[in-house]
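Order as written gives the chain letters A, B, C, D, E and F; numbering starts at 1 within each chain.
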Amino acid sequence: MATVRLWSDAEADADPRVKAVFDDIRAARRSDFINNFWRALANQPTVLERTWADLKQVMAVDGALDPLTKELIYIAVSTANGCSYCIHSHTAAARAKGMTEAQYGELLAVIGMANTTNALVTGMQVPVDREFAVEG
Amino acid sequence: MATVRLWSDAEADADPRVKAVFDDIRAARRSDFINNFWRALANQPTVLERTWADLKQVMAVDGALDPLTKELIYIAVSTANGCSYCIHSHTAAARAKGMTEAQYGELLAVIGMANTTNALVTGMQVPVDREFAVEG
Amino acid sequence: MATVRLWSDAEADADPRVKAVFDDIRAARRSDFINNFWRALANQPTVLERTWADLKQVMAVDGALDPLTKELIYIAVSTANGCSYCIHSHTAAARAKGMTEAQYGELLAVIGMANTTNALVTGMQVPVDREFAVEG
Amino acid sequence: MATVRLWSDAEADADPRVKAVFDDIRAARRSDFINNFWRALANQPTVLERTWADLKQVMAVDGALDPLTKELIYIAVSTANGCSYCIHSHTAAARAKGMTEAQYGELLAVIGMANTTNALVTGMQVPVDREFAVEG
Amino acid sequence: MATVRLWSDAEADADPRVKAVFDDIRAARRSDFINNFWRALANQPTVLERTWADLKQVMAVDGALDPLTKELIYIAVSTANGCSYCIHSHTAAARAKGMTEAQYGELLAVIGMANTTNALVTGMQVPVDREFAVEG
Amino acid sequence: MATVRLWSDAEADADPRVKAVFDDIRAARRSDFINNFWRALANQPTVLERTWADLKQVMAVDGALDPLTKELIYIAVSTANGCSYCIHSHTAAARAKGMTEAQYGELLAVIGMANTTNALVTGMQVPVDREFAVEG
């Protein structure tokens, strides 16, 4: 149950700003499927437009990091934040982009390991080594 | 300021269990440098041994994910958890493993973006689409 | 599914401490509705009494911040903490106190933005400017 | 100590993209002061441009929420995320926008209260009341 | 709905590595019940083996902390992390190890209190007192 | 550097509400030392009074959980929340109440382990077993 209404295609078609974003999502993804995140965000066209524009730029295919690596990072952040929806959508996206079970297993292992050492470091309040400084 | 004492090399050398781990870290990394995390963990030899054994296995070079990708995931988790020490140590490690400034910029961009969409999804409590289900 | 039993009105009526709190909640809110949070907390009368007393004081109508602003802050914290129940209850409360869709859209936008810049700042470990110091 | 270099004014002036953003920040804020967040982000001009464009839009003066309320929400999120820098910068911004000590006290009180009830709700896994549903 | 398939007993029996772990869990707990966490982790035998080995060592009965205290700490961390599954499984485990309702009420009270003071401290960015230093 | 001024004893003595709380803290702890948290909170007497009253009740000596166990839980929550000040103050308090190094090592181990399994469970979105239900 969401705190907002999820827009149907008919409703989206009737609002030029929402329709423009939904059309662009469909074109960019070469798929008719619009997931619930965008249907929820449709209630706030300004946030919808900015979020989609930003996401398209950040997740662009021709970057310095390949698309699958970006999805792995997205899953890692979403897991640390406990965002159930985001974990599901980005795990599905990673699989669609070719993530193997072996890669997924290592992703989970690194996430698990990082959470342990983060906690140990924080619990003992370990001071940063000078060797890690950017310059010098 | 830590909540525990950081062990010097002399102290580590005097404790067989700690010495064994420090020796193995130095061998694995081909470097004499032992960072503060391990010097803090030396107060608890059992945790030290288990953590190093686990980390060595998880971050192993010959996995399904390359070592740099693992460091990027580690930075992402550490940032979401706000672990200052871990951010410093793993950003330094990623650079040592060849992370370019362009890759770092995209890593930051994905982390930033994920935190925004995580928050929007959580704020609106968006229900998971059936299309994301594992089977069917 | 909760980890505790949710108290019915009949059970609450049979326990003087719980009854007193439930009566006071109903009087303060001018409504018969007691939401599940209080029905769960009824298992621990001491925590129930203290939590209600604190909440009544903190959310008091005649403060320096108006009631709607307090609800917006409550939603912001609950979203950052990923507390699904709290997001639902306080979004409903904010709407009952007059939150418009435009205000809600800006609230989501600020929450989303703050999570991005929080992550960027944390990822780069930006040092605090001296200009932000309280005194001089 | 940051994980990146903080750009001086001279360096920023020598890079057209960074200079354009810094000029716009100074114009928008009617102040010469550029805080460290932007000096750190200057290392990544694309992220710098997008973040400033988004922030200007989100924190715009003529919205449905007044500028001070937005700062209070920003402080609440930053506190929940434990972002020290962001807490300092937005508390300073809130004071510059007129936050009184009484308002600050209530902000802290609401943040503290929300964190308690978030934790109690999460600890007991309280199910969402049907009464909080958006429609019906 | 999980992002992975939950293994049945028949599937586990057909995989020697998974079977060995499941057998050991049953022996250690003197119960036939294998909870979903392990059935999900079975997809990644290496992570399964390491996690079970670590957990068995950490939660060992003959430690410096008694088993119930360890479960209370586990619930506290899981609540702070918002891990619904973990809260359920460890609250059930704590009850199985004798946690009384009075103890549970105090656990919730301490968790709630800690979240409040954590937030107040973080919001005001209180500097650490020298008196808390480890040596001197 | 705090976002508020830390009150000196002279300032506290000049404000009856603050003085009353500081006096009570000193009496309860049988020590003249007032740590920075209370000196910061003195800026907001209402929050100061409520927080101290709550803390005194929650951490009371004659509860169902012994004082040391409560401190261990406090450290666990503070670590998960990344509250540096709180980790320092409650680790010092736990040691003052008799926490041994062996107990501290196990506390860290449980905190580390819980963060790993929390992350694995969240990453795989494991559904709660029916066996964990409170009744039936």
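Assume contacts are C-beta pairs under 8 Å (C-beta built on N, C-alpha and C of every residue); 3 or more make two chains touch, one makes a residue touch a chain.
Everything numeric in this text was worked out from a predicted model, so none of it was measured.
Interface comparison, B-C against B-E: more C-beta pairs in contact at B-C. Comparing A-B with the candidates C-D, A-F or D-E, the pair whose contacts agree for more than half of the residue-numbered pairs is C-D. One simple way to say how far apart two chains are is to compare their mean CA positions; for subunit E and subunit F this gives 21 Å. Once the centre of each chain is set as its mean CA position, subunit C and subunit E turn out to be 27 Å apart.
Multi-chain contact residues of subunit B (touching two or more other chains) are listed as 1-4, 46-47, 50-51, 54, 77, 79-84, 87-88, 91, 105, 107-109, 111-120, 122-125, 128, 132.
Chain contact summary for the complex, subunit F toward subunit B: residues 82, 87-88, 91, 101, 104-105, 108-109, 112, 119. Only residues 1-5, 46, 50, 54, 57, 128, 133-135 of subunit C touch subunit F when the two sit together in their complex. Listing the residues of subunit E that touch subunit A in their complex gives 1, 3, 43-44, 46-47, 50-51, 77, 81-83. Here subunit F touches subunit E in the complex through residues 1-4, 6, 33, 35-37, 40-41, 47, 51, 54-55, 58-59, 63-65, 69-70, 72-74, 76-81, 83-86, 88-89, 91-92, 100, 102-103, 105-107, 109-129, 131-132, going by the rule given at the top. Within the complex formed with subunit F, the subunit A residues making contact are 75, 79-80, 82, 84, 87-88, 107-108, 111-120, 122-125.
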